[in-house]
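What follows is a group of structures, each given as structure tokens.
Below are two complexes that have chain A in common, paired first with chain B and then with chain C.
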Partner chain A sequence: MMDTMKVSELTEKLDLKVYSGRKGLSRDITGGYVSDLLSDVMGNADAGEVWLTLQTHKNIMAIASLKDLAAILLVGGNKPDEDTARQSDLEEIPILGTSLPAFEVAGKVYDLLKNDAGIQG
Partner chain B sequence: MAEVERILLEYNIEGGNFTRAGYASSQIKKVLKQMQVDLGVIKRTVVASYEAEVNVVAHAYSGTMYVAIDPEAVCIELVDEGPGIPDIEQAMQEGFSTASVSVREMGFGAGMGLPNIKKNTDHLEIDSQVEKGTRVAMTIFLDPARRNKEQQQ
Partner chain C sequence: MMPVYRADLHVHTVLSPCGDLDMSPSAVVEQAAGKGIHILGITDHNSTRHGPLISQLAEKYGILVLFGAEVTTREETHCLAFFETNESRIQFQEYLDRHLPDIPNNPRLFGYQVVVDAQGNILDEEPRLLISALDQTLEQVEQMVHGLGGLFIPAHIDRPSYSLISQLGFVPPGLAVDALEVSAHGTVQELVTRFPYLEGTTFVRGSDAHHPDQIGQHATRMQLEDLSFREIALALQGAPGRGIMVEPLMEGQ
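On to the complex of A and B.
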């Protein structure tokens, strides 16, 4: 059993779209966080986590960068704003997407990280 | 004898301009990383400075962030021109916010900003004058052991 998973592996296994930040697909994922409140993510997410949200504006990139998150996963078919995607390319932090709602995709990500990759937390 | 280095930084913050929110904090993070400051200290500084920066963007007309980093601590002072805070004690409560609907729709204004700042700093001072502005001054010790020691007391 591995204890890390690359963003690229998560993307393949869950058939996610990659909107931007492709250069960051080799980042390691250490866990996940789900929230649409930016201060909640700022205060409680950890470095290396994949962040599931429906927010699409540029400030999500500021948070991802300041917190050293592995990637942002936009749920429910949301797409990043143009300047958000540009910033993601610059920061090399991928923005991924799925049409699934947050609850469903969170379950899948949790299952993959916990059971396939053996990541705790 | 080693020279005592003191780094001073200054950033203008534009009220209402969310596209630039976080810029000052990312610059501070870069400097602290270059100085090889303890990772936990950097993380706490970044959370506190980002929240304070966003508060100016969300509530004030304009502001300035003054940063001083010396071997002991990072001190961040934000001075803004804005509506001020009528009741600081109330503003410190988790969940209390006066942010506009549009700011809340972006995921800001959850009433977690000031509590996040409080949690992540070693000293915090807030002075405010209604219809004039607010001054927020925070200190984070560079030695993580010092925080733990003072918290136990």
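On to the complex of A and C.
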């Protein structure tokens, strides 16, 4: 049992798209957070978490950078806006994607982090 | 010195599902006149359809009506948009109609969405739920509004729901706004203290009236050369001789 998982491992195991920020695929994930209100994420997400959202606005990158999140995972087939993807490359925080809805992805991510990686977060 | 006018740029009508059934165009105009409003922004959710009638009814009181809407962007932020001419209003209405999702209104849950005439007779009912979010981003809406020569003012940005700050965490730097609307829950000073880069941005406050007696409860003073859309745009830009002042909140508001 290990207590972190790399963004790249999560990406492979869940067959996620990598839209941007490839240089950050080696970041460690310490937990997850799900919310579409950026004010809430700013207040309550913790460093190292992978953030599941449907928001694609450039501000998501500012929040990810501010909170030092491991990666952003866009649910429901959402794609980052162009300037959002550019910022992700600059910050080296990956933006991932899946066509699955938030509920299903959250379940899978939770399962992987808790059961495979033993992360308590 | 240029004259000072009193503006309420955020008023719903009976067309908004949440708008009181007493918010008929004639009631809105009479209330605005009684509250000393000179500039009236009609901002139903994702619809501009009551603008022309209200403008016509307001003429005899000398009130300038701005054709507008309170648009819900994809991020679920509310933004006020205003247009100078009926032609640009119609073009924007077509844009709204194209991008509003096809989700039917349930009047029992959300309220009626009706277009009425000067006597309050129902002319039309909007079948789609007007409080849905458009499939257009904040920036796409901003570009559309400005492309039509309109004014773009994110609404009640400090509110805990449907605001730039609740949905996007903070005001995106570089967003091309003509002004930002502060809600009745906060002050311009609080916002600028929290977000220093907003210093120098023009602020307004409207009533967000859903009931007739709320019209003019919150307002913005505008010093203008004359009562016109162009002068309002100039004042928001900070042109010399003009001025914009958010009326202070009264005790207990």
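Descriptive notes on the structure:
Following the convention adopted for this analysis, the second predicted complex is superposed on the first by the 121 of 121 C-alpha atoms of A that agree within 3 Å, B and C clash if a C-alpha of one lies under 4 Å from a C-alpha of the other, contacts with A are read in each partner's own complex, and residues count from 1 in each chain.
The working rule: a residue touches a chain if its C-beta (ideal position, glycine included) is under 8 Å from a C-beta of that chain, and two chains touch if they have at least 3 such contacts.
Everything numeric here is computed off the predicted structure, so don't read it as measured data.
Three-chain overlay on chain A, with chain B and chain C in a clash.
Contacts of A:99 after superposition: neither chain B nor chain C is touched.
After overlaying the two complexes on the shared chain, residue contacts for A:62 are found with chain B and with chain C alike. Contacts of A:26 after superposition on the shared chain: neither chain B nor chain C is touched. A simple residue count on chain A separates chain B from chain C, and the partner touching more is B. Residue contacts after overlaying the shared chain place A:39 against chain B and chain C alike. Look at A:115: by the touch rule set out above, it reaches neither chain B nor chain C. The clashing stretch of chain C relative to chain B, chosen from 76-84, 94-102 or 112-120, is 76-84 in the chain A superposition. Within chain A, the residues touched by chain B in the first complex and by chain C in the second are 36-39, 42, 55, 57-59, 62-63. Residue ranges of chain A in contact with chain B, taken from their complex: 36-40, 42-43, 47, 53, 55, 57-59, 62-63, 65-67, 83. Those residues of chain A whose C-beta lies close enough to touch chain C in the complex are 36-39, 41-42, 55-59, 62-63, 81. For chain B in complex with chain A, the residues that touch the partner chain are 18-19, 21-23, 25-26, 29, 43, 46-47, 50-51, 54, 106-108, 110, 112-113, 116, 119-120. Those residues of chain C whose C-beta lies close enough to touch chain A in the complex are 75, 137-139, 160, 165-170, 172.
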